[in-house]
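Two complexes follow with chain A in common, the first pairing it with chain B and the second with chain C.
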Partner chain A sequence: MQSNSDPRIINPVELRVENISKSFGAFKALHDVSLTVSLGKVTALVGPNGAGKTTLFHVIGGNLAPDTGKVILNGTDVTGLPPYKIARRHVGRLFQDVRVFPALTVAENISVSFLHRSDYSLMTTIAWWRREARERDRRERAMKWLEFVGLADKADEPAGELSYGQQKLLALARIVALRPAILLLDEPTAALSPAMTKKMVALIKQLVAEQKLTTALIEHNMGVVRELADYIYFLHEGTVHTHGTQKEVLENPAVRELYMGLSGGMAI
Partner chain B sequence: MKLFLQLLGNGIVQGAVAMLYAAGFGFVYRSFRVFHIAMGAQFVFSCYAFYLCADVMKMPLAAAVCGALALSVLFALAIEWSVYRPFFRKGCSSGVVMIASLGVMIVVENVIALAFGNEVKTISNQLEPSVAFAELRFTRIQLLQFFLGIGVFASVGALVRFGKWFKAVWAMGEEPELLPVLGLPLARLRLMVMALGGVLVAIAAMLISWDIGMDPHVGMHYLLLGSVAVFFGGNDRYWAWGAGAMLLSILQSLAVWQFSARWTDLVTFGVLIFVLLFRPQGLFGVSKRLEEAK
Partner chain C sequence: MNYLFHIGVMLGIYGMLALSANLLIGFGGLLTMAQAAFYGLGAYAYALLSLKLGLPFFVTLPAAILLCAFVGWLFGHAALRFRNEAFVLATIGFQMIVYVTLYNWTDLTRGPYGISGIPRPSFFGLGIESVPAYFLFTLVLFTAVLGFMHLVCTSPFALSLKALRDDEAAAQTLGICPKGQYIRAMVFSAAVAAVPGVCFASYITYIDPTSFTLAESIFIACILLVGGSGNIKGPMAGVAFMIILPEVLRFVGLPDAVAANLREIIYGVMLVVIVYTKPKGLAGAYAVK
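This part shows the complex of A and B:
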């Protein structure tokens, strides 16, 4: 695990989206959405299915171009950049569904995160006399992140052989191996067992605390939101309905009614 | 015994070339998950590009080879730009892309037949000098086919093993949408795969057409052999494609020894069906969990 004094850690950056709108035909998936994901904080996006949360992640990540509006990373407009250029600006994204390279080993899955770096240039590829040292270095770096998520003993197994929960941990390790400054986590605990959910939450907490990662989190599990979120945006039908602290949002009667179908003083 | 050894030797020579077009098919199939029927079109196009440069334009051999290679790579890139990429971006199923790929094959075959005619064309009309090894004889082109085939296949194999982008290409076949999230340019990687496939198929096409000539309809034959070799060996391993191609070519050659040239396809496809029934991952492939065997 890298410490905060590690010079390779990227300084935390702020993420802002300004007046983003996105339609698919007549359907308005996002309408004039503006929000800020603050430096080194966890900002949760909550809301019912179809509220536009994942669409907003697609727009931030470059998978979808917005109809209007801007995505600003640390003061720079990155709207419309392709996904790989967004990723190279230290934005790491964890998908809702688990995605690993099943035929590659667990360690190789991590190594794919190192490929776009200059230490894997044509010259270093040709330099066969340094290959062993280079491979050892990559392996060590991969192992560090596998140890962090508790998968070091599975390093040489095909990733497809891991359980669903382990694959989700591997996906997290692969994203943090990119050395992101911003994490976009789309339902990191979806379909996980209670024990695995607890582990995932603890890992995210540790990452955010130790590396001051700016984190946007989509989550339906309110227990996880309460554990992690510093600030919450409630999205409804493609717009930001309410935002504020946990107390301000989760105890808002309108949110309780719209999202959880609760009314009055029922606890969530 | 002499006939057996000669046919075995011929099979090995054919196998060395087959490794190239099998790899040309395998790269696209493994990375794009598309049954790359247009590889047959690439093969025919490369044959006629070589014929155009060497015979029609009377270019020196080295220049004709370079010209044909360049045209073949451009053709491969054109397939990606005009057919595969638009379908991929629209999220079409691999079946739809396969039909489009078949369309490319049919169009190219017919355009070439219109332009050059249906009859067989040859590049070299001279009697090839041969070299004797004990009681076996090989022509100069056969020797070139063997050494170039093995050399190119092994060189690309080293790139696959150690090259940065080939690790990404291998990962692309598993989860293409994940690569951009890891900072890797998917569109450029796809172009690289097509260009490499184009080069491999073009080298094989030139070696074969120089030896036995060409007609506009040879593409399907080599497409079938290349694809069968990939499935026979195991589509998840580069070296398995080569091993599959070599074994198939030897089997085909030896089928002539025991039966006749008419039965080579029966032997080949019979063995393929047998292998796939009892080892669906191919002879040298890796078995997968049911959930990931998609």
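This part shows the complex of A and C:
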């Protein structure tokens, strides 16, 4: 793990969305959604398939412009900024579908996170003697994060050849290598084996604890939610149906009916 | 002997063209069909600057490079709002605009008559006149371009391009601005394509618009499809194959009556077989989509 002297570590950031609505044609994917992802806490978003959870992340991450409403980061309105600008504001987004760079090596996948605008100047591009030191530095830092997720021995393999679970770990490592203040995790354990799920949960727990990351977590696995979530929002058909502590939401009869009933009696 | 040196010059020119297109096609994943437009702009810039203003080579070459870089920058802003098929169409449109302009702006370019009497480069009063000398000169230019592209292709900039190519949305979540990086790639690619343009114009000493057509752009893209892209080896293999194979086929003793057609058929079949069986080309690192 890196020390806290890293200049990119910034103060914890709070994330709020206010009155977000988003329609696809006549279909209202989100309707007047407001929620707060509190400082240094894990806030879970749960709800049936199609509830609009990923759409909300797309809005926060700048992939989709909302029809109405605001996304507020640390008191600043960031609605409608493109995804790369949201990322530069220390928001780390993990996509629901794993999206590693398949042709790049595992280590290069992480190195991309360390690229800075100054690395692209014409001078840096052609003055090789100047870039070697930075390249070594990127590689070393990448290796640290690969060790963190247990992929160091795969560093020089193409990322596309990793197993699905390993790709998810790599995607997580790539995001946290950015030193984000906020994590948006969209189903980090979906389709993982029980062993991999355990590992993923442990890593997220460690990150949140050590780096005080403000985290929004979309998750269908209630075991994972119980283990990680400090606060829960239950989304249903594009609106916030219920929110509160684990007990308040997960033991709410209406939620059980709508969610667990629908998903075939998932054990909670 | 001059024949071999001539092939050598052509290898150098197409080698530079393939390397310039490689940055967009193989690293950026942007299938450009406008490389011949920049090639032509470079050639015309050299021809006009040296004929009309009598400027020496060491001025005209950088001027042609800067002109192409600038036009690439302008065109990049327009075309890089698009991706995939729409981007390909935008580049085809640009290629057509440049061709039609070269063809019809007769006051400047003499249109279909072309420009003749383009001077060969000369340094300190020493002209590069013979074909072997010109081959050496091309080799120098090619080596410079190869070295430059090697640096670009191993740079952090190229890493960001490959990330965008593999997954643009994911690259954005890591803070990479797609438009900025793609425009940079377009500028580099256009600037480098000016060099073979200058080389061609000063070698043949005559240019007309028919050397810079859409068909030429497609040929350049084919070099990368066959040889491969996304690294340096691929484009080099492609150029060797696409330029040398037709020459070799001249000597395989086909019956005269059908030789020309048969050569075309063999050439075509080999291209199809390679593209079909090797998605990454002969030596490439990226399968063009």
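The rule is short, and it goes like this: the second predicted complex is superposed on the first by the 244 of 268 C-alpha atoms of A that agree within 3 Å, B and C clash if a C-alpha of one lies under 4 Å from a C-alpha of the other, contacts with A are read in each partner's own complex, and residues count from 1 in each chain.
Quick note on the criterion: contacts are C-beta pairs under 8 Å (C-beta built on N, C-alpha and C of every residue); 3 or more make two chains touch, one makes a residue touch a chain.
Just so it is clear, the model here is predicted, and its values are computed rather than measured.
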item	value
Fit or clash between chain C and chain B when superposed on chain A	clash
Partner chain(s) touched by A:150 [first = chain B, second = chain C, both, neither]	neither
Which of chain B and chain C A:102 touches, first, second, both or neither	both
Partner chain(s) touched by A:161 [first = chain B, second = chain C, both, neither]	first
Shared chain A surface residues [contacts with chain B and with chain C]	61, 63, 82-84, 87-88, 92-93, 95, 99-104, 108, 111-113, 115, 120, 125, 128, 131, 174-175, 178
Touching residues (chain side chain A, partner chain C) in the complex	61, 63, 82-84, 87-88, 92-93, 95, 99-104, 108, 111-113, 115, 119-120, 124-126, 128, 131, 134-135, 171, 174-175, 178
Chain A contact footprint on chain C (complex, rising order)	148, 151-152, 154-157, 159-160, 162-163, 165-167, 169-178, 181, 184, 230, 285-286
Partner chain B, residues of chain A touching it in the complex	61-63, 82-84, 87-88, 92-93, 95, 99-104, 108, 111-113, 115-116, 120-122, 125, 128, 131, 158, 160-161, 174-175, 178
Of all residues in chain B, those that touch chain A in their complex	162-165, 167-168, 170-171, 173-175, 177-186, 236, 286, 288-289, 291-292
